[in-house]
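Below is one structure. I have some questions about it.
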Amino acid sequence: MQFEWIQIPYALLTLFIVLNFGLIMNAFVAKIGARVGRRHGIPIYQNYLDLIKNYGLRSSITHGMMFYLGPVFRLTGGVGLIMFVPTIYGSLMFSNFSFSGDLILALYFIFFGTLGMALGAGESGHPHAAIGISRGLSQVTMAELPLALAIFSIALQYQTLSVTEIVAAQQGGIQNWTLFTNPLAVAAAMLSFLGSVMRPPFDVVLAPQEIPIGPPTEYHSSYLALMQTNRVIYPIAKMVIFMNLFYGGADNWLVFFLKIFLIYMFAVFVGVVFPRFRVEQSIRWFLIWAVPIGVLAVVLV
Amino acid sequence: MIDLMLLVTIFFAIAMIGAALVAIRVKQISIAMLAAGLVSLLASVMFLFFAAPDVAMTEAAIGSGLTTFLFFFVLGRVRGDQRD
Amino acid sequence: MIKRFIVLLFLLGLGLVFAGLLSGYSADNELNLTGRYYAEHTAQDIGAANIVTAIIVTYRGLDTLGEVTVLFLTATIVAVLLGRGVAQKGKSLQRDLPKSGELLTTGSFLLVPLILLLGAYVFINGHLTPGGGFQGGAIVASAILLMLLTDPLRHFSHRLISIIESISGLFFLGIGVLGIFLAGGFLDNRIFPIGEFGSLFSAGAIPVIYSLIGLKVGAEFSSMLVNFSETEGS
Amino acid sequence: MVYVAMVTGFILILMGLYGALTNSNILRMIVAFSVANTGVNIVLVAVGYIDGRTAPILDAAVPVAEAAVRIIDPVPQALVLTAIVIGLGVTTLMLAYAYKLYEIKGTLDIAQFSELKW
Amino acid sequence: MVNAIFILVIGLGAAFLLGFLRDKRKLAYVVTLAALVSMAWIAARWLLFFAVDGGARTEIFTAGTLPPFAINLHLGIAEAALMLLVILCGLFSAIYMQNTLMRLGRRMMSVLLVFVMSLCGIILTRDVFNLFVFFELAVIATAGLILLCEDKRTFAAGFKYLIISQIVSILLLVGIIFAYHASGSLNIDDMAAMSSGTLKGVGSLAFFLMLMAIMTEAKPFPANGWALDIYESAHPAFSALFSAAMAGAAAVYAIDKLLLIGASQWLPVVTAIGLLSFVAANLLALVQTNDRRTLGYSSVGQVGLILVVIGQRDILGEHYLYIVGGILLSHAVAKAGLYWLSGLLSQRKLTDWSALRGHPLLIFAFVSFVAMLTGLPPFPSFYAKWDLVMLLAAENRLWILALILIATLLEAGYLFRWFGYIIKREKETDKQILSLASHKLAVVLSTAVISWGLAYLWGELSAHGNLLYALPLLFALSFLLLDQLPARIKNSLSIAGMVAYFMVSYPTYDPLQLIFGAIFLLGSSVILLASYHVSGRRVGFYPSALLMFAGLTLLIVAKDAFHFFAAWEFLTIGSYFLILRGKHSEPHALSYVIFSLGGAFLILAGFALAAQGISPFPLESLAQVAKPIAPWVFLLLAIGFMTKTAVIGLHIWLPGAHAEAETDVSPMVSGILLKAGLFGLMVLLMNMGKQSLYGVELTYVMLWMGALSAFLGNLMAVFQEDAKRLLAYSSIGQMGYALFGLALMNQLGWLMALMFVINHYIYKSMLFLSIGGIAKRTGTRDMYKMGGLIALMPLSFIAVLIGIIAVSGVPPLSGFGGRWIFYNAILESEYRLPMMLIFISGPIAFLYLFRLIHTIFLGQLKDEHRQIKEAPFWILLPQMIYVVALMIFAVVPGLAMRHVDAYLSPFFEGQGLNWEGFTITSHYGYWSPVSIMIVVAVIFATLFAWLLFVNRKAQKVKQFNIVYSAERPFRPETTHFAWNFFAPYRKALGFLMQPYVTRFWETMMDLLHSIADLSRRFYTGNGQTYGIQLLAFVVIVYLFKMEF
């Protein structure tokens, strides 16, 4: 695969689709959650409103240029991640810039955004933000481990690191999905996924931010808009990887939407069922349950 | 003749050992010194039996004579201490 | 008690070594190589009647030089050791000693020259008869001893003693060195003619060396005695 | 006869050493060592002795020609002579030290002179 | 040529002559010196005659009669050299003791002369009884010379010595007479000639007694309490003589002579006694606090070592003289030098030696002596020990080898600890401890000069070539002379020198050497740029740093094991001095040098085992090492190298050493020095490949070690509050990765390791520099005391930011390349389980890195830091260079790596990467650093620009202008969440942090010290006890020997 200029508009198109899908899906999930809780919930377009509003707002104060790094890093992480993985299998148009690197690039680029978030929070100068970061990073280290193991297991299984080739190997029927050919890896990866989307029971990380202080207060207006955009794009980018690796990928946008939604719902359901963990509990939980599965996946493949 | 020499030697040997026993066991230091000198003197006589007149002379003059005197010189200077 | 026991134990071990030496010992009936050589060659090579003297002064002269040096060293060190104490305390503290008896005083007056003469005889005749420099030296020293016993406060000239010591030592060395140039090697006695076997002036340099040794040893013994006696009163 | 002397010598050595290592009085240690030295001398002389022979002095009784079969080994005697003199040197030195030690501490107990240790 | 007997004659004659000079002390002193000088001249002439003109050994007959009927002396090269040593030692001591001798007068001078003379006699004579006489002379003279000291305790020591010598002379006389009886001769050569038949039974016992008696004069453990008391209390100049000349030369040579008689049968006994002394003395020395007693123990140990060499004579062959001479002279010169040095000080505690500080020449002398004692290059003992160890290993005498190395390590331990005291302990200013009389100084310094002269000489004689000819080493040493120049001039000279050397030599390097060479020479030049910030003279810095770099430079070009090891020692010592310069680095530098030397000794043992006597042993020959020993060689070398890379378990030296070092030293030791271990491992693995021991594949074990290091190193870094410690622990983790890559034993693993070599150099140097700069400005290294420095130190922030992105392996920077190759590498290998640890350590690294940047730069600025300026220019400059370098290396890693890849491919079967174009492809995946960089940069720049644009009018507010719990926080300290940052993590995984390893090593140390402390009570100080010990020694040796 080589770079061609046309890929730039294509990539932007992918980005646009993903952004819209993400906004709607988030709202939809929120709505479902509200309904389950016998509340009315937000309108489907609420996220659009928020986003547009925030992009429109102008802040009159700034903590200096370094202050920008947080949101910039964050969104670069999210957008970059989606740029580096092919979204639609077999479509040159929606392969984005995946020629830049393979699975390992995606795996490591995840941290770029994390770093950005952490930097931004730190720069806010707010202790709660820092506490949140310390918890979040602590948790993410252990949560990412099963994923890494699962990816290694899959790479071993398919003898390649190229996402496209992994998807290609899963074509020709649902029985060829990694979900069935290597269920342990998938199990490990999905447990890891729970941890990384920061939904219950692993959302203690965000808890300090539930109080309306810290980054959300300091990062308002356009900064917040960038971060909101990222919170839409980033999970999807991650789920794209999951979909490609474990669930046969998607050869058109419809399948794409469906698969992403189902993966997301998995996390949501688990969140509803389990109580919230403290950080050290969740670390142990990953260590005791998810990691061994990942190890098994690596050893048995 | 030879038997006689042997007997005399044995006698001297016993005498020396006895004197040595006195030298190392007796409470009074001055007696111990005298006994050691005696050992030496007996030895010098014994050297004569062993056809060693040079050694005998030396042992007598130096071993039993001078040494004993030196002992007493020093003993005289440290009389204060009679502890064993 | 434990100490004694331990000492006994280890001495028992040492006794074992000695027992081993004894049990494996077989007395010679013949002279061994070295002994035979001395017996056969001393007379014509060295010219000394007393083989022990020949060995001491010539064959093993280096030992004897060392031996003399041992005494020299001892005398020197004793002087340092005891001299320091005296120097520190000063001599004023000397206690009054009872005067020795008349008999001893007079006797010693008579005896000292005789004893000195005897000593000289012994070391000059060392190559012929039993005795020699060491024995003679000891006899000379006994004369000094006698004088000391007579009058403990008598002051001996350290300087004289040390000059005698040094001169005799240097001559001893000098004669030894002459051996390198005039004869077969260091301390070779054949720098002088060997002379007639059995006479006083025979055996090359042996009588000279032994006399020097006698002087030196006498001086050294005397020095030790004097030093010990001068500690009196401290 | 040689054996008797040798045994005596060894016993004297052992006794001397025993005395030197068990008596805590310094002077007595020196005395004991002098006993041991005498023992050594006896052993040395005994080694050189050959039964029935005479002193290694050539005179009328022992003509030069017969020396090799008439005299005993002169070497050990020469050695003993040296050893005696050296022994005296060491003993004298020990005595001088003993005196000095007494002067320092007013005691002759060897156990008292152990500031230097470990 | 003057007859050598004149040495004795002059000594004695002068002693007698002094009798005339009763009141002329000055004249007496002149006579003494003149006598010693002429004696030395004679000995020197003979030595030249033998050494240069190749003269044959000569016999000197006395009494005009041939031996055995008269005493004869023997003069060969060994005798001449030893006599020269003894006499010079005496001469120097006489000069040194000028005042004392003048005060005590001619008597002491004559005793000194006789002492020297008698030692020469011991060396020359070939007659056992004559030997006895000279020994007695030496003993008595010793008893006299002890009195040189004012210390009243010496009297007791002298008396104890006399007790011992009484027992010794009894044993010796009995031995001599029975030996005479058995052999009919007193001549050593005669006895040796007839030994085979006559030395049965009585003869053997007699020999045993003689040997034990003479051996006692060499002060073997445990019959040596008296000697230590003398060493402690006597005049230092006499102790020098007693140790160097009497025990170290004369007694030892007497034993050597005596062994001609006993021959091979007794060599094991001597070896065993020597070993016991060497090990025990050095162990006991660990707990000494008195300097002279410490030296005494060291002396006992060194003489023990010489005895071991003598005992191993049967296998040393033609090397015997060279080896024993090297060790003996080293001991003599160094020990005498140290004793003389000790005389300059009036206090006796080891810590009081801090008074030497501020006297670079004295410190240089001390270092030379210590290096000589511990057998470091380029001193003779190094050459000698190398040859010795090689021969021991060739003959499979491994226990001896091991014990020698262990004891040497112990010795290095207390000597270097002592050196640490000198450099680091507080001086007591109110006391005048040091007195510098010029004649004493002259003696000490000329001894130091002699030590270097001997180093040169032994190098010349060595079969391996003279180490002193190595250009980098000379360059480093030349800075000793330039040390008076201002630091900046020296800095420029160093940089110019290193760059020039690289320019000249790089065409001859292969790609692997080139990478390491570039880091070692150019890389260090970049770090040295930071050294421009130090003004003043910076005494000692440049020789040490350049010594380290010289070692590194020599390491990569070393062709054979000898040069490799020598270079290894150079870099170890250089870096030790560097590390020791840190403010609080005394204990850390010590543990560094002990671990390093321990590792070095393992390497030495490994090479020795591998070489099996082949000399020189080319490194390539490691490949030909045969099966049964190959894995052991591998094990030894690997552990040795892994000590340097601070693999977990052997890592405890690293954090302190790296953290406490100076600002510009930390990057050197971390960024550069650690690579030496990796280079060693590469050489090892390249030549030996996979080895298995008892069915365990050793590379697999290494893989686990690497993974564990990566994991635990990173984990420990997470919990550090001290920024430099954090970086130090991070180095442990990073080296774990590299080790892991190497242990994978495939091309990609190696490539990754090399990538780590470059990356780690760049970012760790950069981070250490920025943290150093910050610590300099804030005055603390505790991160929680900082915070919010981003605005004040933006350039440092950028460096750290780039650094942590690179370290964590996040794209687009070069750290990612390492990770990418790593994944490809493990896909190719068969090992799966250890990966897990590597996987987890990546994110953990992220934790500490974030903490690094957060707690320092982000959060709230503390009030006391408000006036802080950016770090000094010279510290920033290299950081900015690194930033640029990182970027370049991130975009086009192929610049360096493709050559390495090509170089490595012959060693593995074509598993390399494809470097066509800008995209790098492997069997499994692809990686296009350029596109990644462009994509990320474009997105980043767009967003950043947009934010800048929309906020163009925004008003800048202070960072503290925030709302917190609906209030304005009132103090930055309470608002900066930084201390114990990852508390939840500690709760979850803190159990892994139990310092088991540290505790293990501490326990080992405590154990050693307790053993030493307990067993030294054995020396009760009672003269009788010493006598009993001597007796016990004799009896026990007897029982052992006679049993078998």
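Just so it is clear, A, B, C, D and E label the chains in written order, and each chain counts residues from 1 on its own.
Throughout what follows, a residue touches a chain if its C-beta (ideal position, glycine included) is under 8 Å from a C-beta of that chain, and two chains touch if they have at least 3 such contacts.
These numbers were taken from a predicted model, which means no experiment stands behind them.
Chains that count as touching both subunit A and subunit C, per the definition above, are E.
Chains touching both subunit A and subunit B: none.
When C-beta pairs in contact are tallied for every pair of chains, the largest tally goes to A-E.
A summary of chain positions shows that the Cα centroid lying nearest the centre of all protein Cα atoms is that of chain E.
Taking each chain's centre as the average of its CA atoms, subunit A and subunit D sit 99 Å apart. Put simply, the C-alpha centre of subunit B and that of subunit D have 11 angstrom between them. Note on chain placement: the centre of subunit C and the centre of subunit E lie 54 Å apart, centres being C-alpha means.
Separating the CA-averaged centres of subunit C and subunit D is a span of 15 Å.
In subunit E, the residues touching two or more other chains are 129, 133, 136, 140, 143, 174, 178, 180-181, 186, 1024, 1028, 1031. Residues of subunit A in contact with at least two other chains: none. Among the residues of subunit D, those in touch with two or more other chains are 7, 13, 17-18, 21-22, 24, 37, 48-49, 51, 55-57, 71-72, 75, 77, 81-82, 84-90, 92-93, 95-100.
The full set of touching chain pairs reads A-E, B-C, B-D, C-D, C-E, D-E.
On the side of subunit D, the complex with subunit C involves touching residues 2-3, 6-7, 10, 13-14, 17-18, 21-22, 48-51, 55-59, 64, 67-68, 71-75, 77-78, 81-82, 84-86, 88-90, 92-93, 95-97, 99-100, 103. Here subunit C touches subunit B in the complex through residues 50, 52-53, 122, 130-132, 134-135, 138-139, 141-142, 145, 221, 224-225, 228-229, 231-232, 234, going by the rule given at the top.
Against subunit C, in their complex, subunit E makes its touches with residues 3, 5-6, 9, 12-13, 15-20, 22, 60-65, 68-71, 104, 107-108, 110-111, 114, 118, 121, 125, 127, 129-130, 133-134, 136-137, 140-141, 143-144, 147, 174, 178, 180-181, 184-186, 201-202, 205-206, 208-209, 1024, 1028, 1031-1032, 1034-1036, 1038-1039, 1042. The touching residues of subunit E, counted against subunit D in their complex, run 129, 133, 136, 139-140, 143, 152-153, 155-160, 162-163, 165-167, 169-170, 173-174, 176-178, 180-181, 186, 225, 228-229, 232-233, 1016-1017, 1019-1024, 1027-1028, 1031. Within the complex, the subunit D residues that touch subunit E are 13, 17, 20-22, 24, 26, 29, 33, 36-37, 40, 43-44, 47, 75-76, 79, 82-83, 86-87, 89-90, 93-94, 97-98, 100-101, 104, 110-111, 113-118.
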